[in-house]
C-alpha cells in the first residue's frame, strides 16, 4: 500500500516538474502560438546559469534568483534579435528556426562550460527526507518542486485568464494586426511575455538540476513531453496543461513501477526485461494517441472553455 | 604507406562527451610518449564523433574505412555502437581495437581475428562485484541498469557470480531516462539487503544524487560497476563516499607505466585526472605500436600484426595481462573505494584484489581457437 | 471653421508589386463626418489601411491631430485617437464578447463621458445576451456589433467604419445610423465607408469618391444629391 | 507543363545531372566515401520527398514520418534474420507493411488537425519506436545487423556500390516523377484544395479525409521504400531510425529545401546532410555555425532554398 | 402565387439545434418548393446561418429531420449532400485563398464531374472543366479576374466568387447566405439581375439583409426570430406583418415600396 502511495507521489512530482516546463511553453506556444523548440535550450540555460551563480554566490536561493533574471534577459534578447520576425509565420518556419537555436545552444554551452556538465548541490536543509505520513518518507526537495509548481500554476492561470494583459496576449496571438489597430504595442508585450516564458523554462531547468544534474541536451527529450502535455490538455488551456501534466506524470511512473512485473507474468524473463522499459515509456504516447482520437482538440479545447 | 593512419571513434558531443575527451586525451598522451611516431612513421589520427548513437557510429566507421582508409580503428565507448559498427570494420579487414566496449557477443560468436580489446568483457567487472558481495555475506540484491546491450550484460554478470537472492531487476530506458524515483522506491520497498547498479557517465551522477536524496543511502548499501569514476566523482561528491565498485585499472596501481601515465596526464591536462577509459585508450596506442614495430612498418602484413598483438608485447598500465582466444584480456579485478586524498580531493583507491587472471565466460563460444 | 483633424495628401500605396493608391488625398475636420465612396476594389479599404499604418503608404503625407503619422507603427497611430471598425469585422475569435470589449477599452484622450461596457450593451442588447460567448461563435451580425462596440470602447477622436453595416438587419442598421448621427451630434469625427448612399447623403457632411486609387470628386451632401450623373458615373447608380 | 526556365529549375537540372554523374567522379578520384555519403543522401531525399507530398501539398504536418523508414527497414531486417533473403519478397513486404501502417495511423490521426495532427503522428511513430525497442529477438534497443543485402536473383547486385547507388537514384527519380504527376492530377488538386480550405471542399462535394488518407498512404509507402533502401545501405536497422529526432530531421530537410516544391526536399537533404558532414570535418562545434545558418535561412529565405532561388528570376 | 403547392424539394421538420444555453434553431419546420426563390430573413443571430449550415451539413441538428428531393438527408455528411445537388455560399467568405479564382471554380466543377481519384493526367488541362469554370466566372462578372489569386481579390470580388463556386457544382437547390453583403451598389444591382436569371434554372434559398433585393426577388419569405418561424408568406403579406415590422424591418422598409 505504501508502495502505491509513494509511487503516486513520485508520479505527481514528476508531473508537476513537467508542468513547470510546460508552463512557459503554454505561454509561448499555447497562447502566443509560437512553436518554440528552443524552450528546451532555455531550460538548459536556466540550469547552467543556476549552477554557475550558486557556485559563485554560495547561496542556493540567491543563485537561483540570478539565474531566473539571466534567462529572462536571454529570452528577451533572443526574441528581440530573431524570433519576433517569425510570429505571423508558418509553424514550420518556427520549427526550423528554433531547431537551429537548439544546435547553437548545445554547442555554445559545450564551448563555454565544457562537455562535463555541472553539479548544483542543494543546501543541507533541502537534502533530508521528510516524513509526510507515518512511515512514508519523501525527499524534501521533491516536495519543494511540488509547491513551486503549484504556485506557478496559480499565478499563470490568474494572469492569463483573469487580467487584461492576458486578454491582450490572447487577442494578439489570434490577430496581431487588429490588436495594433487598437493602440496596443503588441511587439513590446510579446517580447515581455516571451521573456517570461523563458524565465519559466529557466525555473524548470534550475528546479530539476539538483535531481537530474546539469548537462548538454538535457532539454530535448523532456521538451517533447511538455508538448505532449500541452496538446493533451488542449492548446491554450492552462487548466488542461496542468491536469495533463499530472496525468502524464502518474501514468509514466506507474507504468515504470508496475508494468515490468505484469509483463514477467506473460513473457519470458529476458524478453520481459527488454520489453518492459520500452513499453512503459510508450504509455505516454499511447495515452496521447487515445485522447486525441477520442477528443481531437485535447481534454479542454480552448474555444469551449 | 608513409604514415600510420588511425581512426578514433568515440563520443564527442552530448552529455557523455567527457568520456570521449578523456579517451582522446589519453590517446594523445600515449602518442606523445611514443614521440608521435610509430616505427619512425608519423601518426595521423582522425577523431570521429558517434554521438552515442549506433547508426551514427556505424556511419563514421564506414567513413574511416572507405574514405580515410585507416589502418586501425580505435575507441568505442558503447557496446551498442560497437555492435553496429563491427561488420563494416571486419568486412574491410581493418583492425579494430575496442578501448572500452565489451559486449558479450564480441567475446563469443562475433569474435574476429581483426578485433582486439584493451578493456574487458562487460560481464567481468560486475562478476567481480558479485564475488565481493559474496565475500561480504550479502544475502539479497536489487539490480538496476540501463536497457541496452551493456546494461543487460552487466546485470547478467552480477547474477552469474552472486550467490544470494536477486529480489528484483529493473531496466531503464537508455540514455534518455534520468529520473529513477520509481525504481528507487521499488528497491526500497523490496526489502533487499543491497542494491547493485550500472550507470556510466552522467546517469551515474543522477542515480547517486537521487539515491542519497531519497534517504535510502542510510538504509540499503549500494554496489556499483562503472558508475563512479574520476569524471563523475567531482559531480557526485560526498554521495559517492562509501560506495564500492570494481575495476581492472585504478589510478594508484603501483607499476611504473601507470605512475608515468597518471603523472604526465595530470601535467598535460591540468585540473583533470585520467580514468579507466583513458587508461584503456593509452594501452590501445601501445598495442598498435607493438604490432607496427613487429612488422617493421609493413602494414599489409596483417597476420603477423595479429600474431604480435596476441602476444601482448607492451607494458600495460594495468600491469601484465594475457589475451584469451577471443582477444579479450585475461586480467585482475580490484576493489575500489572513494576516499579523500592527500590534496583533500575525493579520489578512487585500490583496496583489494577481488579476482586474479579472470577470463570472460563467453570465450568458449568464440570459434577462434 | 474647426481645425483639420486628419489630412491625407497624395499617398501612394502598394501590395507587394501592385500599386493600389495613386496620389490619393482627403481631409477631415474636427467634428466632421466624411464618407468615402467608390465601387468594389477601388481602394477604399486600402486608404484606411494606409491611414492606420497597417499597409504603410509608400509616399505622400498623412497628418493626424497635428502629427505626421506616415511611417509610424499602427499602435502609435491608434493611440493618437483613431478607432477602427475594420472590413470583415476582425473580432478576436478566442476571446469572449466581454473580453473583446475589455481588451480594447481605454480612454487615453480623457473623454468626459467615456464609453463603458454597459453603454455598449445598451446600444446592442444582443451583445449583453452573448457576453460570455467566444467571439468565434457569434453570428455575422453579432460580430459586426461587437466590432463597432470595440472601436467605441477606445473612445477615439476619429472613428473609422469600413462597411460597418454589412450584414446587419435593417432595424439594427437604422439604429447604427441614428447612433452615428447621435455621435456626430456629440462632436465625434467619423470617416465612414458604406454602400448605402441614401443614408450617407442624409447624415454625412462631405463625401469623397474614389476611382482607381484617386479621389475623383469631393463635395457636400447637397452637391452629391444635386449631381445624379456623378453617382451614375462613379457608383453605378 | 513545360517547366519555365528560371534559377530554381536550373539548379534542379544541374543537381540531377550531378547526381547521375557522381559515380564517375568517385571512380576517377577514387573517393568511395562520397558515393557512400550520397547514397545515404539520395535515400533521405526520397524520404523527404515523400514527406513533402503530404506536408507541402497536403498540409498534413507529419512528425512521425521516420516510422516508415523504420518499418521498411525492419521488414527487410527481420525477413533477412529469418532467412528470407529475396528482395522480391522483402521489398513488397516493406511497401505493404508501410502502406498498412500509414492506413491505420492515418485513419486515426486524420480526426485531428494542425498541431494536434503533428503530435498524434509523433505519438504513433514513438509507439513504433518503442515497440521495435521491445523486440528482444531482433536486438531491441541495440538494433539488428543485416548480414546480407536483399537478393534480386542476379538482376542487380546491391552489394556493388555503383549498382546500389543507381538503384537508389532510380527510386528517387521515380518517386519524384510520381509525385509530380500526382500533384497536378485531379486527385492532387483536391488534396491541395483541402489543405487550403477544408470546409469549402466538403461543401462542394469532396470527402476531404478520404483524399487526405489516400495521399497519406502513398506518402508512407514511398517512405517505406526509402526505409528498405536504408537498411540495405547501412546493413543495420535500429529503433533509432524511428526516433522523433529523425522525423524532425526529415521535416528540417523539407522546410529547408522548400515545402511544396518538387525538388525542394532533395536540395534540403543534400544541403543539410552535406553541411552536417562537412562542418563536423573541420570543427567540433558545428552547431555554432549550422544553427544560425538555419535561423538565417528561415528569416531571409521564405519558402526555403527553392523559394530563394525562385525569387531570383525576378532580379 | 402557387395555388396548389407542388411536392416540396426541401422539407424541414421540427429541427432543433442548441449551442450551450442558446437554442439557435427552435423546433423549426419549413418547405421549399421546386422553382421558387425562397428568402429567409430575421434579426441578427436569429439562426439563419445555422439553419443553412444544417441544411448543407456543416452543423448537425440535435433533432428533427431534413428531406431533400424525397430523401432523408438529416444524417448525411456535407460532401454527400453536395453531390445530391445542395450547394451553398458562405456568409463569411470561405474560399481556397492560395488558388486562382478559376481553380476555385474548376475544382467545384470537378467535384460535380465525379472521378477525382485520378492520379495521372494534368487536371488544369482538362478543357471541359476549365470552360465550365470560365463560364461561371463570366456569369458573376469575374471573367477578367480569372487568373488572380484569391487573396489578392478585393472583398467584393471574393463575394462574387463565392457565388461562382456554388454555381459550378450545378446544384438543384442553391442556398445563398447574404450574397449582397460587401457588394457595392453596382455590383449589388448586377447580383440582383443575376439572381433573377438564375431563378429560372434553379431553386434558391436566399438569406439576405438587403430588403430591396429580397422584396425584388422573393416568391416567398420566411421570417425567423430566435430560431422560430414567425411568418412565412408572399412578400406583400410580410411587409405588412406587424410582428415582422416590430422584430425586424422597422418602419422604413415596411412603408416604402421598392421595385
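Labels for the chains are A, B, C, D and E, by order of writing; each one numbers its residues from 1.
The rule we apply is simple: contacts are C-beta pairs under 8 Å (C-beta built on N, C-alpha and C of every residue); 3 or more make two chains touch, one makes a residue touch a chain.
What you are looking at is a predicted structure, and each value in this text was computed from that prediction instead of being measured.
S.K.: Which neighbours does subunit B have in common with subunit E?
M.R.: Chains touching both subunit B and subunit E: D.
S.K.: Tell me the fewest steps from subunit C to subunit E, where a step is a jump to a chain it touches.
M.R.: The fewest steps needed to get from subunit C to subunit E is 1.
S.K.: Counting one step per pair of touching chains, how far is subunit C from subunit B at the shortest?
M.R.: 2
S.K.: Compared with subunit D, which chain's mean CA position is the farthest off?
M.R.: Ranked by distance of C-alpha centres from subunit D, the top chain is C.
S.K.: Starting from the mean Cα coordinates of subunit A and subunit E, work out the distance between those two points in Å.
M.R.: Whole-Å distance between the two chain centres: 49.
S.K.: Per the centroid of Cα atoms for each chain, what is the distance between subunit A and subunit D, given in Å?
M.R.: It comes to 31 Å between the two C-alpha centres.
S.K.: Can you give the whole-Å distance between the Cα centres of subunit D and subunit E?
M.R.: Here the centre of subunit E sits 44 Å away from the centre of subunit D.
S.K.: Quick one: report the Å distance separating subunit A from subunit B, using the average Cα coordinate of each chain.
M.R.: So the centroids are 35 Å from each other.
S.K.: Where does subunit B touch two or more other chains at once, residue-wise?
M.R.: 12-13, 147
S.K.: Could you pull out the residues of subunit C that touch at least 2 other chains?
M.R.: Answer for subunit C, listing residues that touch two or more other chains: 137.
S.K.: Would you please write down the residue numbers of subunit A that are in contact with two or more other chains?
M.R.: 106-107, 110, 273-274, 278, 281, in rising order.
S.K.: Using the contact rule from the top, write out all pairs of chains that touch.
M.R.: Taking the chains two at a time, the touching pairs are A-B, A-C, A-D, B-D, C-E, D-E.
S.K.: Subunit E touches which residues of subunit C in the complex?
M.R.: Counting only subunit C, the residues touching subunit E are 15, 18, 38-41, 45, 87-88, 126, 130, 133, 137-142, 144-145, 163, 166-174, 195, 197, 235-237.
S.K.: Touching subunit A in the complex: which residues of subunit D?
M.R.: Its residues touching subunit A are 55, 61, 108-109, 111-113, 115-116, 118-120, 122-124, 126-127, 130-131, 133-137, 140-141, 244-245, 248, 251-252, 255-256, 259, 285-288, 290-295, 297-299, 302.
S.K.: Would you pull the subunit D residues touching subunit E in the complex into a rising list?
M.R.: It is residues 1, 181-182, 184-190, 192-193, 196-197, 199-208, 211, 214 of subunit D that touch subunit E.
S.K.: Going by the contact rule set out above, which residues of subunit C touch subunit A in the complex?
M.R.: Of all residues in subunit C, those touching subunit A are 52, 54, 73-76, 78-79, 84, 86, 90, 92-95, 99-100, 102-104, 106, 108, 134, 136-137, 150, 154.
S.K.: Within their complex, state which residues of subunit D touch subunit B.
M.R.: So the residues of subunit D in touch with subunit B come to 31-34, 36-37, 40, 133, 140-143, 145, 147, 234-236, 238, 240-241, 280, 284.
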